[in-house]
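Letters A, B, C and D mark the chains in the order given here, with residues in each chain numbered from 1 onward.
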Amino acid sequence: MDLSNYIYLSVILFTIGAIGVVVRRNAIVVFMCIELMLNAANLAFVTFARINGNLDGQVASFFTMVVAACEVVVGLAIIVTIYRSRRSASVDDASLLKR
Amino acid sequence: MFSAPVLNYSLLAPILIVLGGALLGVLVEAFLGKAIRATAQLAISLGSLVLAFAQIIRIHSERSLTAAVNSVAIDGASIFFQGTVLVLAFIGILFIADQDNFAAQASAIPGSEEERSAIETGKQQTEIFPLTLFAVSGMMLFPMATDLITLFVALEVLSLPLYLMAGLSRRRRLLSQEAALKYFLLGAFSSAFFLFGSAFLYGYSGSLSLSGIANAITAGNGNDIFLLIGIAFLSVGLLFKVGAVPFHSWTPDVYQGAPTPITGFMAACTKVAAFGATLRIFYVGLSAAQWEWKPIITTISILTMAVGAIAAIAQRDVKRALAFSSIAHAGFLLTGVIALNKAGLQASLFYVVAYGFTTLGAFGIVTLVRDSAGEVTDLNRWVGLGKKSPLIAGTFVLFLISFAGIPLTSGFIGKFSLFNAAYESGNILVVVVGVLSSAVAAFFYLRIVVMLFFTEPANDSVTVVIPSVMTRIAITVCALATIILGVYPSLLLNTAQTFANFLA
Amino acid sequence: MTTSSHLVYLIALPLISAALLLLLGRKTDKWGHILATLVSASAFGIGVSEFFAMQGRTGDARAATQKIFSWISVGTFKVDASLLLDQLSICFVLLITGVGTLIHIYSIAYMSHDHDRRRFFAYLNLFIAAMLLLVLGDSYLNLYVGWEGVGLASYLLIGFWNQKPAYATAAKKAFVANRVGDVGLSLAIMIAFAQFGTVTFAGVKAGAPHASTAALTAIGAMLLLAAAGKSAQFPLQSWLGDAMAGPTPVSALIHAATMVTAGVYLITRSNFIFDGSSTARLMVVIVGGITLIFGALIGTAKDDIKKALAASTMSQIGYMILASGLGPVGYAIAIMHLLTHGFFKAGMFLGAGSVMHGMDDEVNMRRYGGIGKLMPITFATFGLGYLAIIGVPPFAGFYSKDKIIELAFNAGGTKGIILGGATLLGAAITAFYMTRLIVMTFTGAKRWDEKAHPHESPILMWLPMAVLAVGSVATGFLFNSGNSLVNWLAPVLNSRNEVGGEELMKPIVVSALALLAVIIGVGIAVGMYRKEVPVVAPEKVSVFTRIVRKDLMQDAFNEAVLMRPGQKLTEGLVKTDYFAIDGLVRLVAGIFASTSTALRKIQNGYVRSYALIMVGGALALIATIWVVTL
Amino acid sequence: MSIVTTLELLPLLGAVLLAVIPKSNAELAKRVALATSLVTLAVAGVMAYKFQIHDSAMQFVQSNKWIASFGINYAVGIDGIALVLILMAVVLVPVVILAGWHESENGKWSAKVFYILILVLETMMVGVFAATDVFLFYVIFEAMLIPVYFLIGGYGRGERAAAAMKFLLYSLFGGLLMLAAIIGIYVIAGNQIGHTFDLAQLSTLTIDSSTQNFLFLGFFIAFAIKAPLWPLHTWLPTAAKSATPGTSILLLGVLDKVGTYGMIRFCIALFPEAAKTFTPLIIVLALISILYGAFLAIGQKEINGLIAFTSISHFGFITLGIFAMTSQGLSGATLYMVNHGFSTGALFLAAGWMVSRRKSSNIEDFGGLQRVTPVLAWTFFLAGMSALALPGLSSFVSEFLVLVGTFTRYPIAAIFGTTGIVLAALYVLIVIQKSLHGPTTPGNEDLKDLNLREKISVAPVIALLVIFGFFPKPLLDAINPASQTVMTHAGVTDPAPKAGK
């Protein structure tokens, strides 16, 4: 079947992720949406690897996963601390810094 | 069919040393007693930076693309940027060394018994040092990376530690943690864009390396939509890091929330690294597609200069104000990207150094202005500081004047060379907007001068703490650099000229 | 041309003494007035010796020049500080230094009670120096320096008692009116330079024949404006009356004998300009004619003895200006009247001063009366001056004024009739108001209150008066006998011997008419004022009288047309500056400030809105690139 | 090393010396400052003596590499125009120091800071007129703002902070426009003759007219702000009202001349064509300034504001003379710069003394001073006479030269300009009457007259006003060759007399 559909899919996933980041309040969910965007990128990489007929894209996707994992570690650490200190994971509550 | 990758360790030595230092720092943090921990950490960090710099000097004339299987370039620009990052990081660490700024135990809940005891018993955790070193290594890698993967990895390596460091303030921890959260979420968000952009560039060119992309663009037989999306999203990632409008929103909040020494470190070193990468990407990878991206980068640079300058006027918090001024400066630096000529590169090299010193110094001064509850960043309470401690206030004014780009300071030479490069490349509009917005910015800087010197002090308990030796050294160095680079810029300009080249 | 080496002393001496008296200040109070008088006298001495030296020389050699130093030299604009003493300027030198010295002497006594006498004499010397420079300068620019110099001296002397606000205002008024005239002089010089590439009299004279009539007319008009300012001619006449605020010797020297006649000097000196433009001459004549009637009318209603004399001065100078507008010989006649007038008017002013001296500074003639008996010498000298001015033969005024009337009639056609009529009318009115003055002051019953003790002035005061009186008797005959003065001046003014123009009527007839006019004027005056004079000016008088008392509305006019609009304009501009120009700047600043606040509001602290902004930005990026690449 | 450089270094040396002496010893600081400025004056005298009067080329030239990679040199050299302006500056500085002996005392900082700022400023004043490298000129042009900013803000009166801010922002705005223009011409040079900022070389460029117009405006606006030309003038009165007399003298007397000097040295020299294009507009602006400034001076209730507006009127005359582009106009304008420096200096000194004695700067509060403080009154009177360009005082020569020079090319403009002399008489005489004449207003009875120090400080200025009034030759001889060079470069000649013989 036509490979370009995978591209469309990745674009759709990325868009969903982006929308999620903008509309969802819970920090965890926001973070998930970002992960979704990363994976959309992965999908694009793999597909393009297939289209271009070289492996670079797939290699890239592995790197991405690793980096994403690190990001999870750091991200959760931050979110947890926030949650512990203010008993809420809502990103809207964290809005003391303004103006 | 796979051949084991060959690494040229001697050329990679600087960055490896820093990484090594970072790992060592982790071990120290784990095993050394609290008595000597801090000292050891400081020694290790500074030591590794010095060593790394020595290596830089050793390899300063080396040129190679194959140091790490074609994914990093050892060329003039990368060496210069690495050197700059190291020097600025060194000064940054001198500020960081003042442990009083950082949470004794990041994991402890703010105001909890646990935290209090940690402070009393001096169980000060010092993970800040290895984190800094990790960030530095990322910052060194970012400007030298020549393929999208390495760029992405470097980007994350420099960002992740910063996210954490932003949350480590001892006082106002809620704000600090909030800053960390915002920085992290938005940072990750932007790197997603970066990654997605890289994917599409790869899709367009079938190659991950900048040179490959460049060739593909010149060849011109790819799907332009991919190229377009690629450029756009990649730019989003980069512009976020340099803090350009409209991807700047995080800057004021994070700058305000993060511990001031970290803010200074971020403001200076991140800009260097980010612009290093940006310049390389646009000069090496995308120069052939300049007709696509020049207009938008021009628009963005204009927007950034204007918004940065104008928004600063109404700020009441010194750190936010400096954040906006750093945004404005990002705008000026972008003119160097648009110039897309050697002059532009040289100017940018000079500018990042000049700006780095000045901005570090400025934030360094902010750390000194305190009351019983720690730093005072409310500008209205800085009123009359010139009477209480003329020297500190005077130095701060010096930095402001340099920001404003008044002659005989490094800021002026930087602006001049950037605008000159932009004008040469025919972007006269940018130059005009540039000069006008610096006029606007000047108004804001002068307002601070008036507060410091010409307004009667409101007698509340704002004091200036006697700076620790290291802070004093750091500030002095920054001030001297600001003046010397303004009065006799040839020292650096010539160096910049020799190093202003990319290997493709 | 003879080159002389000591002309400069004429100016240097009084200038130095003025500087000394001003710089050394009170230290010189004791001998300051002596020094000043001696200096003035020695200047007169030099003048006389120069005069006789001149007599000794013939033809072109009579004129003497001295280059002192090169003053300004830029491109082709070269002006030397150099002096020219010719037949014309020597007349003035003698008048200025001669009358000047007499008045110095007079002032020693007159000002003896003023503890600033030294400053007064310094100013007088300053004036002498400036006035000499005015008449000795060999170029229009040098003349300009003297021109403004006398203006300054006049300003300082009118305002000598400037602690009285009215006096200070009078001084300012005089200066400003003169400045208006100076605009004319400056422009005349500029046009001259643009036309001839030089501003020396010789240069301009040489160039004049080659210049277009339009240019000459322009220069002439501008010179006339200058003359009007300095000589209180219509329409710049209004300052002279107020200038009487100055001490009386000043009025005598500056505002009667010398400075105010500088305008006449300027025009006669520029004869080569006016010869080239009949239009310019016509303007001169008109201005002169108007002023001589104007001044005479004002004179009829003045109760202040000095202001009455001032009005008469204005009118007499009108005669001179008129004459100088009537062709070659006119210049000479004008100068003749100028000289005679210098004597009798100065004399009468000193007389007035002497009266005031005796009446402790009372100036209102309605409070005089019958003083003649108490001040016989003053009365006598004044009387001689009086006979001279109204033109009774053989007194000085008769010769000069008669010539002018004759000239006026011979101007030809209706012009001649009008001008002649005007001069005749002027003569009649002059006779009227002068008689009125004499009658009210010296004759009739005494109207002063008991405090005043009129007494004859000391010798230092009456001696100068006497000398001047002699002058006002003899000079006319002297100048006229064998046309001596006209011939003397001929080389400079190329004035021919006989009175030009076609004779309308025989000279003897003109003289008869003039005499008739005088008799009528005197008769009316005697008729009106021989009987009791009310001590306060009667209120119920004709509109005409009221207008005349208000100096024919000259001040009202200036206020309504110049002052008030000027003040309005100033206030308007001050507001404009604040609200419009500076306001615009403030507006811009305000815009920036508000934009900044708006931007601050966008920074609302919500991560999600930041993310939204980023997404928007990203989309904008794509959109723009799209547009660009299309 | 060129004597010009020595002249620049001397005050700087003094400043360094001041920096090390104790803050407490104000008297010593004053003495050191005065001594330095006097030595500088002496050296300047030597320079003037060595100056070859008939040589129209730049003299005492010196050029060292500064920023090699941009072809920027420390290049100085002076011609007649620069010479007379430098002399004016170095004469005024000691006068200012001596006259304002106590000026530094009620400031925000110690006296020594005040004098350090003054001396640094003197260095820059010499440098800005001597610079023959456009970049060097710009650097000094901008850097000069800083000491003045602190002099106004730190030692001024009233709304000093706001005034200092307004001053600096206006100047900075203009300066930045000029920076853009400088970069522009630098780039053009790079394309034509290689990267340089050397004035002489830059003036040989061939620039197409539209670019030339833009670059010209970049320079001109900056200069029109400095030497305030209507409508860019509003900062000046504010500054003059707040600054100390000394600062005002240096600001209006010297710094603002950088504007008019720049018009000659840069606007006309670098962009002759554009200069011709804009001449009509500029002449109109100049005339507006002349009359507008005069009217507002008449309308002022505050004495320093009045002086400021008279200066705006005078700057109008100077600009008029410059752009008349005749030898009389140019030389006259240059001479005018010098004379205005002295006469405004004298005015500010006298006004300053009046204000400091009366503790008020409202004209209404003075009155009858001639009876109370005769010497002070005479000083003010003479300064005023020179402000209205009374013949016999130096300002007359320059004003008349400007007008006659203008008339030969633009008669109408000259006529309008000439009407300004009536207004001048008004604004001077009105303030003189209000402050010196009339009965002594209550509160002024026991004002002190000038003391010896004050007399000594103002005497030379008055003397110069009189001497140059009768003997301007030395100055003109120095200026003429330079202005000739400007004209020949701009390719204009004086109009010939109309009535040829």
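Assume contacts are C-beta pairs under 8 Å (C-beta built on N, C-alpha and C of every residue); 3 or more make two chains touch, one makes a residue touch a chain.
As the structure is a computational prediction, the values presented were derived from the model and not from experiment.
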Next on the checklist: Contact counts by the stated rule: is the higher one at C-D or B-C?
Outcome noted: C-D
Checklist entry - If you average all the Cα positions, which chain's own average lands nearest? => result D
Item to check | Centroid distance [mean C-alpha coordinates] between chain D and chain C, Å | outcome: 37
Checklist outcome for this item: Expressed in whole Å, how far the mean CA point of chain B lies from that of chain C is 79
Item to check | Interchain centroid distance [CA atoms averaged], chain A/chain D, Å | outcome: 65
Next on the checklist: Roughly how far is chain A from chain C, centre to centre by C-alpha average, rounded to an integer in Å?
Outcome noted: 97
Item to check | Where chain C touches two or more other chains at once, by residue number | outcome: 600, 603, 605, 607, 611
Checklist entry - At which residue positions does chain D touch at least two other chains? => result none
Checklist entry - In chain B, what residues contact two or more other chains? => result 181-182, 185, 189, 193, 252-253, 443
Checklist entry - Which chain pairs here would you call touching? => result A-B, A-C, B-C, B-D, C-D
Checklist entry - chain C touches which residues of chain D in the complex? => result 231, 233-234, 292, 295-296, 298-300, 326-328, 331-332, 368, 370-371, 374, 378, 385, 390-392, 396-397, 400-401, 403-405, 407-408, 411, 414-415, 418-419, 421-422, 425-426, 429-430, 433, 436-440, 470-473, 476, 480, 494-501
Item to check | Residue ranges of chain A touching chain C (in the complex, touch as defined) | outcome: 18, 21-25, 30, 91-92, 94-99
Checklist outcome for this item: Listed in rising order, the residues of chain C that touch chain B in the complex are 589, 592-593, 595-597, 599-600, 602-603, 605, 607, 609-611, 613-614, 616-618, 620-622, 624-626, 628-629
Item to check | chain A partner contacts - residues on chain B that touch it in the complex | outcome: 106-107, 109-110, 148-149, 152-153, 156, 160, 163-164, 167, 173-175, 177-182, 184-185, 188-189, 192-193, 195-196, 198-200, 202-203, 206-208, 252-253, 256-257, 316, 320
Item to check | Touching residues (chain side chain D, partner chain B) in the complex | outcome: 65-70, 108-109, 138-140, 142-143, 145-146, 150, 153-154, 160-161, 164-165, 168-169, 172-173, 176-177, 179-180, 183-184, 186-187, 190
